[in-house]
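In what comes next, chain A is part of two complexes: it sits with chain B in the first one and with chain C in the second one.
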Partner chain A sequence: MTETLLQAAMSGLLMGLLYALVAAGLSLIFGLMDVVNFAHGEMMMLAMYATFVIWQATGLDPLLQIPIVAVVMFALGVAVYRGLIARALSVQFNTGMVQIFVTFGLAIFLRGAAQLVFGGEFKSITSSWLSGRTVHLAGIYLPLPQVAAGLVCLLAFAALLLISRTEFGRALEATREDRDAVALIGIDRDRIFALGWGLGAAAVGIAGVMLASFYYVSPNVGANFAVIAYVTVALGGFGSLAGALVAGLLIGEIEALTAVVLEPSLKQVGVFAVYLLVLMVRPRGLFGKL
Partner chain B sequence: MDRRTLLMAAGALTLAGRAARAAEEVVIGAVYPLTGNGASVGLDAKAAIETAAELINGTHAPVATLLGKGGGLAGLGGAKIRLVFADSQNDPQKARAEAERIITQEKAIAIVGSYTSATGATISQVTERYEVPYISADNSSPSLNLRGLKWFFRTTPHDIMYTQGTFDFFADVGKKTGKPVKTVALFYEDSIFGTDSSNVQRKLAEAAGIKVVADIKYRASSPSLSSEAQSLKAADADVIMPSSYTSDAILIMKSMAEIGYKPKAVMAQGAGFQETAFLTAAGPLANGVMSRSSFALDAGKTRPAIDPVNALYKAKNNKDMNDNTSREFTALMVLADAINRAGSAKPTDIQAALKATNIPGDQLIMPWKGVKFDETGQNILCNPVIQQVFDGTYKTIWPFDLAAEAPVWNI
Partner chain C sequence: MDNAILRRRRRELWTGLVVLLVLILLPLPIHDVYTRNLIIITLLFAGLAQAWNILGGYCGQISLGHALYFGVGGYVSSLLYVRLGIPPTLGMFAAGLVAGALALVVGWPCFRLSGHYYAIATVVVGEIGYLLFLNWDFVGGATGVYIPFNGDSWVTLQFRTQKLPYHYVALAFVAVTWLAAWVIEGSRWGFSWRAVKDDVVAARSLGVRIFRSKMAAAAISGFFTGVGGAIYAQYVGYIDPDSVLAGNFSILIALPAVLGGVGTLWGPIIGAALLTPLSELSRSYLGGSGSGVDLMLYGGIIVVVALARPQGLVSLLGPRRRKEVPDVRPA
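And then the complex of A and B:
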């Protein structure tokens, strides 16, 4: 039993790191401009397809694809902001609803487009440097693709934290706190927003690359992860990177342990029970400032 | 001629035109998940059903099967079948609404469907209300034909028949190899398919004196199944019996391998495990996996229509027919045969013809004894086969007289 628990805890930890990085992008965008990106899961799905397509065409290992896909996703994030979100924000009435519908519509569009282009089939990357490799350590099995994914997620988090220390990061923080005041001190709000979307998309893109190295790819794959990402963001506190990390790990662990200790079909119940509990005690989330 | 006469004449002409067209074509609806999580199966189903319609409607060399001569339905003066597809998105409520739409607006006189049992349950309620036949091609939940419906006809075996076949295989292979199954682990998704399937498995295991050492119900389409894999490993049963759709089938095989667990035997309740996507994605991990099936692509010797029909399908969809697509193909053939015999597009006539159906096995592409419905609408002549994956392809291993390969049995 101890071995089973330890193994489950380890699986939860690795999955949790991935959940955290998916949530980080969402949290960044939400914290910056109060827009919930309902197409976040679909952006991850696109990154996974990009990884699959590049792998299929060139055989390039997913690990080496990280910078390529991150840049592509960054550009996509900026494009989505400039093409859709900025326009939706300029609507004069019912802004909240318009924002919801624009990202929701984008999600459905991307899912349909992916099915049109790639078909409804489940695809997967069948060979990479790490695929199928597992290390056996003190009674616990560590699948290397997941370990690599966990490490990359940690690195991406470190990078995001570093970025938040730079001048750009401070501008980001200032825009978050008072989006009208920053215009007065010469910060281009529109540019900050666009870069924020780029960063958010790049973060979820990196998560997508790593996920694609051991998970199946299909037009709907994002939806399963998106729900968890929304919970992670709310649990960790809107806009907080550290919150996303802690909440992601927490959710990974609760999910894995509920499944072993109670029953697998109850694992989401476990996650949502803790989520509701935290919201009752601390409505702004674990690390939320608002 | 005043305006009113003119209008009436125009109306009469339109009606006459419609009647004439009705004699030329028979509209049949098909509800499948064409987008969403089940899309990969639904799009294959669409191709399979279209293949059947082309075989019936088209001009081609005769194929040794029901209505294999082509040229439309002879009983209706050569009327052609026109298919109307509707997308259930694998959602029972959407399936209900779409079934209603194609009956009332597209004037479908029968519906074929629908992959998941949960959608089959709602569609067959609609067809019952509108009094048109529902042909269940591939919904395998045993409860579906026990609801007292008069318009429900199921060509496929249900999970009790499949599971009975599975346990018969266990007994046979145990006798043959001297290695009987002592323990099984049940692993099933949490919708009607998985729960019904596991209920039957539990009952039959008990009857056969086989111990159920793990009973794992999981949430379908979870992002991770590693804890579930962990529980399966801890139980280490002789045979793992999963009832899963494609995405979960891929994920559980990978998750078990990741924690260094190689199950002694896997005996799947068809569904996702029979999909090409599963075989490709799981790669070498799929080798040795067994599954019940109602189709045997390698049974061309006793079923001469398999090869030409498969060639037609392959030309369209670039893959071989499988357990699901062969049953979807067969459902439309059986329905078309009934309409042809009825010689009428009236639902009550078709219902009567369906009840009188008695098709011998050699007229089908399936390894079944035939098609004949009991009073609940269940085909009673469809016996399942057991298949095993050899180098990425399913080969028939049981019943032993139909087998293409000897089973690999290492429990």
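And then the complex of A and C:
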């Protein structure tokens, strides 16, 4: 039993790192401009398809694709901001609802587009450097693709934290604190927002690449992960990177342990129940500001 | 209330009566089953969106989990009928009461949260409901509930051989939800709720009890959504978690209200009249092959309407409408 639990705890840890990175992108964007991107899961879905297509066409290993897909997703994030979000932020009425439903519309559109281009069936990367290999550690076995995914997500997370300490990161922080005042000290708010979207999309893109190396891709794959991502962000506190990391790991663990202790089909119920309990005590999440 | 408001309210009631009359006559010259079905589905969504509007529009609490009340309503009336033989004409009130009570149970923790925290909590509560019903054998699990057909009847609300009676059932649902919204607009509650929506702090300082207002709006909204679920279940004759409790259903319920015009009497109806036929037609003409073009079109329309008409399509209907106060949050 202890070994089963340990096994589950390790899998949960690795999955939790992935959840944390997905949530970090969402949280970054929210913290910056109060916008919840309801197409976040679909952005991950696109990154997964990109990985699959590049792998199919060139055989390039997912690990080597990380920089390519990250750049592509960065560009997509900037494009989504410039094309849709900037407009949604400038409307005069119901700003909150407009941004929710604009990103929802985008999510449905992207799902349809993926269906049109790739069809509805599940696709997966059948061979890569890591596939089929396992790590044997203290009596438990871990599939190498998952281990790599966890490590890459941790690295990407560290990179995000580093970025938040640079000049650009300080500009992000300043824009978050007071959107109007930053214009007075020569920070171009619009540019910062666009870069924020780029970074958020790149983060979820990297998570998508790593997920694609061991998980199937389909037009609806983003929806499940998106709900987990919203829960992670709300549990950690909107806008907090550290919160996303802690909440991501917590959710990975709860999910894996509920699956072992209760029943696999109830694993998300366990996650959601803990989330609701925490929010009763801390309505703004574990690390939420205000 | 001053006379201008009273006059406007009376005029809206008359408009409502005229529209009702038109909708009573509408299906008579139409004999095509497909079109009649389309109108019935549109009416159902208009009523559901109006029910959502009571909480989301008037009280400003953006619920993205209304599929829960809809699905539970459908399950309550179906199970009462299948297991205990209680006819859905009674069962739908039980469905509404259970859904309304559930909305209170959900509201109690969730209304402590604000803004996006609230919206996401409702998504999660909806997901929990979906997962529990999926794993709950008593309610049929993933297989759902099949409602046996016992002949056309106004008591069981089953009409398989003709569509016309169900048109009037759905229309009655729309009329009742519209009237509820009309009453709320003019009542003390309506004023309190709009105050809660516009500025919580100001509302509280004027003596509006915030939590109570939200709970009342949620209960009424949940009640009508549950009744809608019962009517829907009786219409299609079969429900399972995927068809009535899935997360995207919550969006389908909210969308007509949002795109038509939140917090307005006609917004949900106009939104449903545009969106439902669009979604159904594009699905049957473009989506049959699973190509995804229907989803692209639907998603695209949502984006375009939300950006081009943030105050809702209802604002296209001429200058007689009261000017809305713009959102004064800092940009």
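Operating definition for what follows: the second predicted complex is superposed on the first by the 290 of 290 C-alpha atoms of A that agree within 3 Å, B and C clash if a C-alpha of one lies under 4 Å from a C-alpha of the other, contacts with A are read in each partner's own complex, and residues count from 1 in each chain.
The working rule: a contact is a pair of C-beta atoms (placed from the backbone, for glycine too) under 8 Å apart; a residue touches a chain by one contact, two chains touch by 3 or more.
Predicted model, so just to flag it, every value in this text is computed and none were measured.
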item: Room on chain A for both chain B and chain C (clash or fit); value: clash
item: Touched partner set for A:Q268, first chain B, second chain C, both or neither; value: both
item: Touching partner for A:W129 - first (chain B), second (chain C), both, neither; value: neither
item: Touched partner set for A:P219, first chain B, second chain C, both or neither; value: both
item: Chain B versus chain C as contact partner of A:A8, first or second or both or neither; value: first
item: Chain touching more of chain A, residue-wise (chain B, chain C); value: C
item: Which superposed partner A:Q115 touches (first chain B, second chain C, both, neither); value: both
item: When the two complexes are fitted on chain A, the stretch of chain C hitting chain B, from 183-191, 237-245 or 255-263; value: 237-245
item: Residues of chain A that lie at the interface with chain B and also at the interface with chain C; value: 111-112, 115, 119-120, 219, 263, 265, 268
item: Complex contacts: residues of chain A adjacent to chain C; value: 30, 34, 36, 84, 87-98, 100-102, 104-117, 119-120, 179-180, 219, 223, 227, 230-231, 233-234, 238, 263, 265-266, 268-269, 272-273, 275-276, 279-280, 283-285
item: Chain B to chain A touching residues, read off their complex; value: 34-37, 39-40, 42-43, 190, 216-219, 221-228, 230-231, 233-234, 246-247, 250-251, 254, 257-260, 275-278, 280-281, 283
item: In the complex, chain A residues that touch chain B; value: 1, 4, 7-8, 11-12, 15, 19, 111-112, 115, 119-124, 126, 132, 134, 136, 141, 143, 146, 214-216, 218-220, 224-225, 228, 255-257, 259-260, 263-265, 267-268
item: Of all residues in chain C, those that touch chain A in their complex; value: 62, 109, 112-117, 119-121, 123-125, 127-128, 131-132, 134-135, 247, 251, 255, 258-259, 262, 290-303, 306-307, 310-312, 324, 326-327, 329-331
